[in-house]
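Listed below are the structures to be examined.
Each of the next two complexes has subunit A plus one more chain, namely subunit B in the first and subunit C in the second.
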Partner chain A sequence: MDLFGDLRRMNKRQLYYQVLNFAMIVSSALMIWKGLIVITGSESPIVVVLSGSMEPAFHRGDLLFLTNFHDDPIRAGEIVVFKVEGRDIPIVHRVIKIHEKENGNIKFLTKGDNNEVDDRGLYKEGQNWLEKKDVVGRARGFLPYVGMVTIIMNDYPKFKYALLAVMGAYVLLKRES
Partner chain B sequence: MVQICPHCKVLSGLTHPGGFRMESKNPESDSHTAWWKIDDKPVKIDKWDGSAVKNSLDDSAKKVLLEKYKYVENFRLIDGRLIICTISCLFAIVALIWDYLHPFPESKPVLAFCVVTYFVMMGILTIYTSYKEKSIFLVAHRKDPAGMDPDDVWQLSSSLKRYHEHRLWLSQGRKAGFWSNSTKMREKEWCFLCRSHTH
Partner chain C sequence: MHEREIMRKDNLVERSDLGFITFDITSIFDWNVKQLFLYLSAEYSTKNNALNQVVLWDKIMLRGDNPRLFLKDMKSKYFFFDDGNGLKGNRNVTLTLSWNVVPNAGILPLVTGSGHVSVPFPDTYETTKSY
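Right, the complex of A and B next:
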């Protein structure tokens, strides 16, 4: 099976178009993601729930849609996604206590629904409260199970690279009509 | 009258029962890429893959016009599409780099601008391919040997819809893009499945 058969018959312009085609697919995905970031105001508008600390509301593998509008006040009982300083992984828990100043500054405490204790053990050394700058977004909607694909790809990175390589090869080698 | 018979050429090698033979375009100058190019070999494709069939037929028609009749290809239409795509990708790259250097939320205005421009360019590309390019895959000039009259411009376009036969149109005009006496001659239809022409 000659994988490169189509490519070998192409002239320079057609080869450039194959590469461009691949670049456009990647760019489109990138622009949709950046567009979502701009529209929602959150640096990561779609996150996957990684642990079972919010059961029965969210299970491991659920996809969450977030927004982070500046003017939306954070209230006790809301589910927020936040990042602890120095750690990469966002955490999805519920706000249980808030202290609010008149100028809008807040300090809040979170706890997972399925956890025994609040999140103070997860915060930075000496930190007892979270602030607005730690918030990635507020959960607005969710899709069950869809995030399992992301979890599998993170647990087995070779699978992820293999999948990306196959998809990339398919786009680059197959001739666009 | 141009005799285009890409069907036979595709299936039975490069000879036509009427004695029509294809030669390699530049046998000497291609020596450094000779191992890569397979222009001379018969095209092998899956006959049930519609787009591969259409591409092969279009390629054969192109070859006839460019190599046998020595027309000169005009790349303006294709270049237009390549330029639009390249500009779109440039905007995407700019957005990526800017966001990396100035993390969100400082990059919000630049990101918003790049995203909107990108999708506008996508719209322009769609309009270009649907209305300007349509199904044209070759624009070629026939140079006047005396160099006096303006070139004859010929244009090839084709369509291959599911469950329909392949249609090839050859149009002629005086100037590219301005078809004053365009005659669309529908080429002879043929049947792939029973490998015969219906003339």
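Right, the complex of A and C next:
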């Protein structure tokens, strides 16, 4: 294959150049991600829907875009992504009740559209309400199906490694004319 | 609009005979609207909390469903609990209808309908038989 012929002909300088190219791509991707975190105010501005509890609006594998502006008030009807204290998995559900004090302290209850009951069973033992600190972000935009790739990579790690290997090989071996 | 509220000692409010509501929202559905999530929320202030919002009823309406709704004699879908005793004698409970537009792809707007209904709550509890 011509690709491997190129590889043999590359000298050290060209190899370093390819590696730097690769590093630049990785750094740019990281910078874009960090930039999104800053702009949206959310620690996780893009999340994949993992369960069917918000069907038929969102299905497993859909992608959600979040913002988490500090001054954005939490109101009934909004779709929030939150994490229960002590657990890593973000949950995407709707706010159905809020009680807000004059100083801005708010406690609220959530429920998945497709669930029969509210989320109290999901909260921590003894916890009846969620607070602002539990919120990862508010769902502002949505793309169907796109997140399926992440779910597949999670469920089949071999696929993830294969994909990374192919991407790595392509970048390292690609020659700029 | 006829209302009849029953307030029990443990702050449970059940609203029956919610009158009838007609609305026609055909104009909201366009090629990029997959579904609408409609909900009726009650908003009020109490001594304990400056702002309370409680969703009493919701409905999912998919593109293709009949967009003209005529709801009569609906029971409140969710129990109307207050955080405290703030419903007794509360004259200023406002009901508004809002909806969440879920597109096929894109932005998820939350829209509140114009207009609202004010529902005053009675000053005393009513004892009712338990179920």
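Just so we're on the same page, the second predicted complex is superposed on the first by the 173 of 177 C-alpha atoms of A that agree within 3 Å, B and C clash if a C-alpha of one lies under 4 Å from a C-alpha of the other, contacts with A are read in each partner's own complex, and residues count from 1 in each chain.
Going forward, a contact is a pair of C-beta atoms (placed from the backbone, for glycine too) under 8 Å apart; a residue touches a chain by one contact, two chains touch by 3 or more.
Bear in mind the structure is a predicted one, so any value in this text is a computation, not a measurement.
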Query raised in the report: Now for A:Pro144: first (subunit B), second (subunit C), both, or neither, which partner does it touch?
Result: second
Requested in this report: Determine, under the contact definition given at the top, whether A:Val166 touches first (subunit B), second (subunit C), both, or neither.
Outcome: neither
**Report entry** Partner chain(s) touched by A:Ile25 [first = subunit B, second = subunit C, both, neither]
**Finding:** neither
Query raised in the report: If you stack the two complexes on chain A, which partner ends up touching A:Gly35: first (subunit B), second (subunit C), both, or neither?
Result: first
Requested in this report: Could you tell me if A:Arg13 is touching subunit B, subunit C, both of them or neither one (first, second, both, neither)?
Outcome: first
Report task. Using the touch definition from the top, say if A:Glu43 reaches subunit B (first), subunit C (second), both or neither. Result -> first
Report summary line: Residue positions on subunit B within touch of subunit A in the complex are 36-39, 43-44, 51-52, 54-55, 59, 75, 78-79, 81-82, 85-86, 88-89, 92-93, 95-96, 99, 103-105, 108, 111-112, 114-115, 118-119, 122
Report summary line: Note: in the complex, subunit C contacts subunit A through residues 34-35, 37, 39, 41, 48-55, 58, 60, 62, 78, 81, 83, 98, 100, 102-108, 110
Query raised in the report: What does subunit A use to touch subunit B in their complex?
Result: 2, 5-6, 8-9, 13, 16-17, 20-21, 23-24, 26-28, 30-31, 34-35, 37-38, 41, 43, 175, 177
Query raised in the report: Mind pulling up the subunit A residues that touch subunit C in the complex?
Result: 56-58, 75-79, 94, 96-102, 107, 113, 139-144
